Amino acid sequence: MQLEETLRHKRQEKDILLMTHIVLGYPSFETNRKVVSQMVENGVDCIEMQIPFSEPMADGPVILKANQDSLAFGTTVKECMAFGAEMAATHNIPFLFMTYYNIIYKYGEERFFKDCRAAKIQGLIVPDLSPEMGENFFTLATTYQVAPILIYAPTSTDKRMETLNNFADGFIYCVARRGVTGKKSSFDQDFDSYLARCTSATSLPIAVGFGIQDAEDVACLKGKADIAVIGSQTIRLVDEKGPEAVGPFIASLR
Amino acid sequence: MQLEETLRHKRQEKDILLMTHIVLGYPSFETNRKVVSQMVENGVDCIEMQIPFSEPMADGPVILKANQDSLAFGTTVKECMAFGAEMAATHNIPFLFMTYYNIIYKYGEERFFKDCRAAKIQGLIVPDLSPEMGENFFTLATTYQVAPILIYAPTSTDKRMETLNNFADGFIYCVARRGVTGKKSSFDQDFDSYLARCTSATSLPIAVGFGIQDAEDVACLKGKADIAVIGSQTIRLVDEKGPEAVGPFIASLR
Amino acid sequence: MDTKGYFGNWGGAFIPEILHETFEQLKISYAAARKDPAFWQEYVDIMCSYSCRPTPLTYAENLTRHFGGAKIFIKREDLNHTGAHKANNVMGQGLLVKKMGKKRVIAETGAGQHGVATATMAAKFGFDCTVYMGEVDVKRQRPNVFWMEKMGATVIPVKDGSRTLKDAINEAFRDWVTNIDSTHYVFGTACGPAPFPEMVSWFQSIIGQEARKQIVASHGKLPAKVYACVGGGSNAMGIFQGFLDEQAVELIGVEAGGKGLQSGLHASRLCGTDATPGVAQGYKTMFLQNDEGQMLETHSVSAGLDYVGVSPILADLWEKKKVRFESATDDEVMETLDLTMKMEGIIPALESTHAFVQAFKEVPHLSPDDAIIINQSGRGDKDIFTIAHAFKDPSWQEFIIERAKEYEK
Amino acid sequence: MDTKGYFGNWGGAFIPEILHETFEQLKISYAAARKDPAFWQEYVDIMCSYSCRPTPLTYAENLTRHFGGAKIFIKREDLNHTGAHKANNVMGQGLLVKKMGKKRVIAETGAGQHGVATATMAAKFGFDCTVYMGEVDVKRQRPNVFWMEKMGATVIPVKDGSRTLKDAINEAFRDWVTNIDSTHYVFGTACGPAPFPEMVSWFQSIIGQEARKQIVASHGKLPAKVYACVGGGSNAMGIFQGFLDEQAVELIGVEAGGKGLQSGLHASRLCGTDATPGVAQGYKTMFLQNDEGQMLETHSVSAGLDYVGVSPILADLWEKKKVRFESATDDEVMETLDLTMKMEGIIPALESTHAFVQAFKEVPHLSPDDAIIINQSGRGDKDIFTIAHAFKDPSWQEFIIERAKEYEK
């Protein structure tokens, strides 16, 4: 409940919120630290931190490579947990973990939730875990008050959205289009009616992600969604121009 | 009849006759000419001249290569016929042609016999033509009085020898062993009993060929056969030491 | 399979939400097909007229004499069109795709056999086809790549991760989530999210159905033991299903022992102690992974067994002790391949040879009244580059060098 | 075959006297086998359990639609163990050798298919095995050489003459006359001295027997036309024998047109005008030879059709106009191979593809009520070096170059 409230609160002050994404340990925790600062300073409202996994099935080439490089540098889940705690303690916005289910499963589900709770992580995005597969997970989420964020896709039926809504908390992550992260999306009429379906299927805030890359994209979402999610684009930016480029980029978005 | 008579006649003067073998056009007709002279001067009693064929199925590596090289130099059947005529006119011993059936078949059987007759060629050895396959051939042989020389092999039954004897003329060519031309034979007890079978199956003179390479081999045949056939050995000699080496070699054999 | 796609503690469907509907539809189509005897008949008919089912059960008289134990029978999946049991699965899924009205198929491939089979099926059914293949596998199985392309498929070398089968699977999923509407993902083995493990096993069960009838006809009774190699587990599931209900028939799955179970360079999930439960590639099974859940690199001389996971159905049978698991090392495989070629004139695929290794270890101890079946999942021709290389054949090396000279000109 | 081994004006047995007895014994054994229904049954049984007979008759739906004429059926000899119809002949002769009590077999081979088949049969029956293969063919079919050796055979590259099939045959005869007592020469096609042409055709007739039953079952009546490629003629004789007594079924043999019938670079004996009657390699037929009777060099992209002579039985059927002969050029073959792979997911051997070429030229002009059969004598996998080369596949070339670098180290 805490995450939803925080976001609703912020939303009253802004016509759209920004959520960004980083891959932990890529290119280093040191850079992650700088990037997060730049983001927070330039008005990002929420950050999802991806714990790298060797098999990031739902991610596109940019994030995939970041996952692999981070692991090659030796990043561990424990370090990620500690880094998450540090960020949550340092910056006054909600932090989430994004990762694949095996990371949590191997860490131990309950231990993972306990540690997230302790680290003040407010939500979890696990793209390969549905309510059906995650019974225990969703129970623990309630117990430990870490929001399980669920995903709507353009292929989700109304009925499916309803089901998901019953398990979701914090906000609903609406995937803008088919495909993996990192490619441009187009916000056409189909998209609008999809978003309308999303909105009417939940009372939670609506985030839209996948392929949002610039101010124009963000502008498109104003009035239709609560949160715009910038994913691969900042990773690309850091790769090409270093962490300092992130601040101005974020500032330009809204 | 003529060939048989000539050989019988010579045989009365010598304890064994020598027959030698050359491949026409190999290494050249000029060399053939020299080799034949050397052979005749040193007491060879009969010469088989092989008209080269591209598929000499029953010949070993030495003669096979000679066939192929001769053809590669452009040797034609017509040239061979002319050379045969020249030899028969020059030297006072019987000359035979040895070749595969296709050469005769393509030349035209009757024409071939006619030309052999005119060239004073006294016999023909065609290793891939049996009486069963050569009805016309054997009729023509009688008509044109060119002796069809047939082959006995260690695998021939008594009955088979009898059959062959009915078609053979001139002499019987007894193959000393299994295999193709050019390899050493051993003249053991089996060989003796084989030769005894050959002798009792025909009244024609008996030639023994395949693997006869030196005076020792020839000596072994004395008293058991009428003719010793020296095949690949002289070709090897010419290849290695030139035509001049042939005379002394022949002289040393008997 | 329970309603959630589990077999005991294993399986499930851990998939991105975007695939949810696709899986719902797939489950419906599969259930309908499974209920409809006409579908199975159509499947059998096409396998008889396009491939050469029933594949023979060959009595290996010389090997039997050599080992002096039970009679050795070999189930000849190598005689299938495209040379492996993979044909069964792809033709079955092809029929299903036709019924679902999709026009494009994608596939992952390790050894390349499943890729070739899928490309072949796509040509036959008129589907567009894209095959994902780890870059390492592209290199070791180039001839298969060539044939896939010639059959009209697009082969995409995957350069991520360990650049082998598991990475090809990830990449195929990435394609699928992008092109769900038009595309069916022809999963190549009895792994992946439900209903794939069960569905693939169902199509492969034709092996066991035939083998059971054939062994009774030839030998007069059921076999004592049945051996199959286990990569993902589809050929093993295929033949095991013919005998699962028989207590008296022992089923043995043979995994890739690589350089040895102690070496860390292998792909043994169910035998050995290196694997632990995990969830990846859409399903839960025993994975070769580190303590944090990151998948490890695996090793096998045979690309088709070189995989981190294993069929959840086999994991369940393993846990319930209904199937025994063993492993064969690369060296054992080469030696056994040599023996089998020389004694029977049969060339098993390197994958299949793993099953032969374990069978040959055990057969001398069995009674001559008994019989065993080895499932020869594929033929070794496809492996010529690997096999000739492993045998260090000098004229092969010369030949390759000479060919290369022609191309370098 | 008459008592002298002739078929009309063709055939006979032109053999060195040393082989006379061996041939007498062979003729007796063959006659006995032919009279004995149990022998044929044993032969069929082994072909069913070791190879996968009956091989399917595949309906090529896509190609049929593409050409819009008669229904195209493909007889799938490619699915035989070892990948070609050659398996039929060798297993038959193997059984005969067993009955004759000999312990060693020799064979000639062109494409290598017959060599692989013989090596396989020898492994299965426990015979020693030596295979003669022209040096040129060794080069173009190295994978087959590798497998023969692995199966325990000795492969001897023949360096005489044109270093192709005919020279391998001569060399095999040379071995035979040396080792007659222990050795049987497993002739690979329906050529050579009697009784080989008839005996090989008899074993291959299993193709036609099956095909006739299968086409009637699938199509309801006999086919309008039957196509087969013709090297020595064994696969053609095999399928033709199923239909020879039917006036209404036209039989078409397709020879290697190489670079074109006018180019001199081909292997067309019965179509075209370059061949003349002759006697070589133990039999009388139409040979590609010069006026003096010296055999010419032949050319074909497919090693298995690259031969100077042709079955005397086919020469007779040609003379009697019971079989029509056509040719296909190398270029046509590559184009048709491409089409067939893409449309049906089937890879015919280069040899077999010749039959496809001619069939595709004629099928559009036939009625959709009719059917044709193409005999797919073998699979194209074995030809990868030739096919990848002919298609100038750049990644194949790169792959070979890279491999070579490893070996040059």
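We just call them A, B, C and D in the order they show up, numbering each chain from 1.
Convention: contacts are C-beta pairs under 8 Å (C-beta built on N, C-alpha and C of every residue); 3 or more make two chains touch, one makes a residue touch a chain.
No experiment lies behind these values; they were computed from the predicted model shown.
Novice: When you check each chain against chain A and chain C, which touch both of them?
Specialist: none
Novice: From the C-alpha centres, identify the chain that is farthest from chain C.
Specialist: B
Novice: Compute the distance, rounded to whole Å, between the mean C-alpha positions of chain B and chain C.
Specialist: 65
Novice: Please tell me the distance, in whole Å, between the geometric centres of chain C and chain D computed from their C-alpha atoms.
Specialist: About 33 Å separates the centre of chain C from that of chain D.
Novice: Starting from the mean Cα coordinates of chain A and chain B, work out the distance between those two points in Å.
Specialist: Whole-Å distance between the two chain centres: 97.
Novice: With chain centres defined as C-alpha means, what is the inter-centre distance between chain B and chain D in Å?
Specialist: 37
Novice: Give the residues of chain B touching no fewer than two other chains, as numbers and ranges.
Specialist: none
Novice: Line, ring, star, complete or other: which describes how these chains touch one another?
Specialist: Here the contact pattern is a line, an open path with two ends.
Novice: So, with touch as defined above, which chain pairs make the list?
Specialist: All touching pairs, sorted by chain label, are A-C, B-D, C-D.
Novice: Where on chain C does chain A make contact in their complex?
Specialist: 4, 12-22, 160-161, 166, 170, 173-174, 177-181, 276-282, 287, 289, 291-295
Novice: In their complex, what parts of chain C are in touch with chain D?
Specialist: Interface residues on the chain C side: 48-52, 55-59, 62, 76, 79, 81, 83, 119-124, 126, 139, 142-143, 145-147, 149-152, 218, 338, 341-347, 381-382, 384-385, 387-388, 391, 393, 395-397, 399-405, 407-408.
Novice: Give every residue of chain B touching chain D within the complex, in rising order.
Specialist: Within the complex, chain B touches chain D at residues 53-60, 64-65, 68, 71, 76-77, 100-103, 105-107, 127-130, 132-133, 150-157, 160, 164, 175, 178-180.
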